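Think of it as A, B, C, D, E and F in the order they're written, each chain with its own count starting at 1.
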Amino acid sequence: MAAVVPDGFARPSGRAPDELRPIRIQRHFTRHAEGSVLVSFGDTQVLCTASVENRVGGWLRGKGEGWVTAEYGMLPRATHTRSDREAARGKQGGRTLEIQRLIGRSLRACVDRKALGERTITLDCDVIQADGGTRTAAITGAYVALVDAVDVLVRRGEVKARAGRPPIFGAVAAVSVGIYRGVPVLDLDYAEDVDCDTDMNVVMNDGGGFIELQGTAEGHAFRREELDAMTALAEQGIARLVEIQREALGS
Amino acid sequence: MAAVVPDGFARPSGRAPDELRPIRIQRHFTRHAEGSVLVSFGDTQVLCTASVENRVGGWLRGKGEGWVTAEYGMLPRATHTRSDREAARGKQGGRTLEIQRLIGRSLRACVDRKALGERTITLDCDVIQADGGTRTAAITGAYVALVDAVDVLVRRGEVKARAGRPPIFGAVAAVSVGIYRGVPVLDLDYAEDVDCDTDMNVVMNDGGGFIELQGTAEGHAFRREELDAMTALAEQGIARLVEIQREALGS
Amino acid sequence: MAAVVPDGFARPSGRAPDELRPIRIQRHFTRHAEGSVLVSFGDTQVLCTASVENRVGGWLRGKGEGWVTAEYGMLPRATHTRSDREAARGKQGGRTLEIQRLIGRSLRACVDRKALGERTITLDCDVIQADGGTRTAAITGAYVALVDAVDVLVRRGEVKARAGRPPIFGAVAAVSVGIYRGVPVLDLDYAEDVDCDTDMNVVMNDGGGFIELQGTAEGHAFRREELDAMTALAEQGIARLVEIQREALGS
Amino acid sequence: MAAVVPDGFARPSGRAPDELRPIRIQRHFTRHAEGSVLVSFGDTQVLCTASVENRVGGWLRGKGEGWVTAEYGMLPRATHTRSDREAARGKQGGRTLEIQRLIGRSLRACVDRKALGERTITLDCDVIQADGGTRTAAITGAYVALVDAVDVLVRRGEVKARAGRPPIFGAVAAVSVGIYRGVPVLDLDYAEDVDCDTDMNVVMNDGGGFIELQGTAEGHAFRREELDAMTALAEQGIARLVEIQREALGS
Amino acid sequence: MAAVVPDGFARPSGRAPDELRPIRIQRHFTRHAEGSVLVSFGDTQVLCTASVENRVGGWLRGKGEGWVTAEYGMLPRATHTRSDREAARGKQGGRTLEIQRLIGRSLRACVDRKALGERTITLDCDVIQADGGTRTAAITGAYVALVDAVDVLVRRGEVKARAGRPPIFGAVAAVSVGIYRGVPVLDLDYAEDVDCDTDMNVVMNDGGGFIELQGTAEGHAFRREELDAMTALAEQGIARLVEIQREALGS
Amino acid sequence: MAAVVPDGFARPSGRAPDELRPIRIQRHFTRHAEGSVLVSFGDTQVLCTASVENRVGGWLRGKGEGWVTAEYGMLPRATHTRSDREAARGKQGGRTLEIQRLIGRSLRACVDRKALGERTITLDCDVIQADGGTRTAAITGAYVALVDAVDVLVRRGEVKARAGRPPIFGAVAAVSVGIYRGVPVLDLDYAEDVDCDTDMNVVMNDGGGFIELQGTAEGHAFRREELDAMTALAEQGIARLVEIQREALGS
């Protein structure tokens, strides 16, 4: 991680290149959902709720397996300028669909769907305030909400470990990395996001394995050594996020 | 308000018939919007943001007037059981449209639209947690967000008082009243709402004038004396809500 | 009802303040529906049909109860200027949804849903010509169509009175009232509607009970004494409408 | 037209093979539209209104020409069993779109669009009651509404004849023909329509020219001599319909 | 067919009035579908696939019959200028719906739906390149794809001839005819289509029976003798198309 | 690239781990579009057309820049079982939107948008036949169509090189890589795609820079060394694809 930082380089926030924003995970934020977490990555705040329903989509019926899915939304004025309400426009945009597909895939990677039985857990990730990195915050927070929801099912005796493996195995967290003014940086905020050359979202588990990797060259194409530097930063950031998840869960 | 309360009558919450839930108004809840208020009526929590845009709809263009409108949404798991996300279903339901039309009409009643100039202020009322009375909480909170947004415009010198009248004249607040087990009660929570005979939403100004009155007999039709008792309760409750708005605004 | 009418006050139609427009209820207007009524409140004409289907929505299946619902539409050129066809625009507007929800709730108030059995009665209220008061005319006419449709079911032996109470108990009618140039008036036509300070739609039963009350201050907020004057006018108007319904039904 | 009618052949209505249903054209049926006609072909009743707007679609702007278009709808209970309301379903069906395109094309065939100037005339054809032949009744009635609307424009001095030709030149009417139980018949009603081998809709002008011809073999394919018999019947029926249009217009 | 062709008349393509464009039918064009045909009428190219599914719509369930239906689409740049993608616009246009209804009706005319059993065959007709006559090419090609798909079912033993009649009885083909500069012509290409007075699409079976006939006067109304000349041309063209279908099928 | 391949490992297609499928690029496949390419990666066939329009979206108007965008579609029976037509369902799915956003971003990376002027080039990528890797084939083919379209503009004198740099600078191509039964493989076909542990789509330019990288762990999470092996395979495959593009373009 010893990227040489050029003289005079500074992130808008004053953070070090490998420094996360202040991360906060508040469990039981609302009271109806089986899991409810307000996650903050600096000024980015996402409410993640996990809702359990005792049914699965038609394509899974009778197979004895469950499903985990996600929906993502942004309150119209979570951002600097108001954006249209998707419900009023009558459809979800491509960005929204892309993000909610990513969240769902990421979290299914740590779930024993057979242990769940024919249940669906929906992770609603609603952005209350946006300052960059909403999808990675959503994944990180939704993991905690998911653990809480499955714990409810376990305590009720509806779901059990199978073959010694708990229904949620391992942890999943996510962070963005990028090349900002030539320097690889961790956890981009909005000011960096609009002005960077490359932006990469990384989802990993607590064993250091990659679950999702989505990199986009915004300006010039990025080189392999930049890719290596970014993934190394992401590994380090996600290790820290997993610790924070554990602290929040008291485990 | 000396309705004779029958022996053994109790509200689920233990409140007196004419008692509001704990009311809380938190200003500056999020940082991008010109006005941002989290309003709580007990466990009902609504985030109300006011967004200013320097344009008006086509039907107003060139008339030198502004517009105030509202949009309402409920996070899917704001309620006991998860409801479909309207953006995913591809349309807003009738209840949503009805409520947002009500909020918009109610707040336009205290706005000097000529003073606004050709600007639109959109009040987004998003229910974070629902326990009955979301539309009345939304109106009460959105008023405060609207005042904050107009203050921003006044401080910037973009909007001025006209003929000695401020651009927002008077206050607007709302509360529900109903007949629960034969007794008129103020500010119904969810447990009362699903089990009452009549439910009425009342919007008033700080001068004691009615802006909106929407009463529905859920069980038996209600009599004129019940109507009178309910409107009297509403007058009293709204007078208190207006005080709380003033305290929040520090005015 | 002795409101003092100021000198020189005149309604655009020349009617007295407490005078209904000519009301006409034509039963059996079209031949396929179980109930079919063309109702006229002056130049406002609404075709109300009641259609019986031997099924209920999923949420009622197996409960042995029926449902009564309404849909409302306006022919594109029912009004002074042509409005878009909602089917072509691809969605029903908020006003339409609000009105059809009101009609459905109002009529369910006089129906013994258990007596209906697992049947749905849909009241289609289509405005052929509009001159103000379409929703109140629709409720008043739809009641008659509903009675005719239930009579068909009774005559076929499919529906019976329960415990001495007929499947349709009591009558339901509706009228608008308002404050026009300072004077409370009954049954507003379009010319009054666009120019009044307050507009209130009132739905009552034949026992003088309120079923729905929806008042909106268009100009200044209305005072309690204005509310009292308007509801008194409505009571009187609805009593007359119930008589006209009875005459039409020959009962 | 001397088709040999087999012994024992009878139409459900008792009509002769070449006999139209009773035709009725009521002008000025509603009061807001520039043209408003209720047309009846027996029990089929269609309200046709012509609405004038002083604008054209973007593709015509600046060309000095007008446009004539049609929209078609069926009230949900115009038919034996209730059909879904297209506005509620959120889209117009293929049959509806097909019919309204046909009506629009048919009527544009008798309009001098340059004489109209940059105006749009929309013909709304709403079926109040259906008993077969709604599209042919709609075309026949909409022609009369269109003439009335253009007369309004002529009387206002907004539209003039060009080069000695009136803005509406000639007449347009339509009728269905078919093969019912082996016999060519004119103006099918619903009982014939559901039980015939071939169904053809014919639109002609008053000069005996074909504007539209749409034939469909419902059972077996039809032969050229059947085609000839059907078009001959249509010619005769349309000649009579044009007379009835003229009588209605008092011309 | 001895229409007198005026001196100096020439079709844009140089073809004789009764001359088809080069017709080409390529079977097994793609590999997944049970039937897959690329049909070319000159530069018009349509990919027609037939897909078998072992289920029918709700209205047919339990009746022991199958269904044949069609969907039609045009690639956005099949035409001279790019048209909007219907999937992106969120709805199929009226023209598309009209054409796919026509294709479906036409092909059902040669299918023994009882022999199919409860199966649906969907004919997807996607226009790769358009030069006029896409719907008639689609019908002509889809017939061949349908035959191939039913052959698959017959070879698998899932479908059998009933009462000596094969499941597909007879052939169906289609061609357009029109009046171009006063002369009846066969198989219009785009240059003729935009410039003709009358355009007629004709669908016939191999026995010379008419299945669909849809004629539209684009300029002046057409006379009976023109109708006769056009249907004669169509008969001749379709006879040739049926031969080409047979050659393609090797039967 | 010397991954040790375990004994007995075989790809379903028999290809070597680092072997592309047969690649074919047919230019001028259809005749209307400015660029039209049928690209085949084995049995995957995508028609890519580039359409030029002399306008840009509102957000770019007046800025003197152009735009390049993509739309993606799959013919309903491009796949093993028929999928719903998106135009008929009324919306594009999340996968479609995600892919077309990816294609658009990828190609904008090699375009001098200022050189284009206020023009939009739309790349329509329609999958005729699918056997895995449709999005990477689409990007690879669309690049060639884009070059052809810009050449048309250059030949017409409408677009010029700026500051010595051609309007399209460099090349863009894409390929998928994955871990199949423990072995990193290049250019997955459908049989591998449904059965692999990790799937990664890589977009690069001809200078070896990464433009997009999207990796998903389908089974177990992937390790850094697997990531390295996959990106190395992608580099090699894309170098070959760029050669094939050059050959096709004759440059």
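One rule holds for everything that comes next: contacts are C-beta pairs under 8 Å (C-beta built on N, C-alpha and C of every residue); 3 or more make two chains touch, one makes a residue touch a chain.
Quantities reported herein were computed from a predicted structural model and do not represent experimental measurements.
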| query | Using direct touches as single steps, what is the fewest number of steps from chain A over to chain F? | reply | 1
| query | Based on CA centres, what chain would you say lies at the far end from chain A? | reply | D
| note | The chain whose C-alpha centroid lies farthest from that of chain C is chain F
| said: As a quick test, compute the distance in whole Å between the mean CA positions of chain A and chain E. | reply: 52
| said: Quick check on chain C: which residues sit in contact with 2+ other chains? | reply: 90-91
| field | Cyclic chain order when read starting with chain A and heading to chain B | value | A, B, C, D, E, F
| field | Interface residues, chain E side, partner chain F - complex | value | 30-33, 36, 43, 45, 47, 49, 51, 53, 71, 73, 75-82, 85-88, 90-92, 96, 122, 124, 126, 128-129
| remark: So, in the complex, the side of chain D touching chain E is made of residues 91, 93-95, 97-98, 100-101, 105, 109, 200, 204-205, 207-217, 220-224, 227, 231
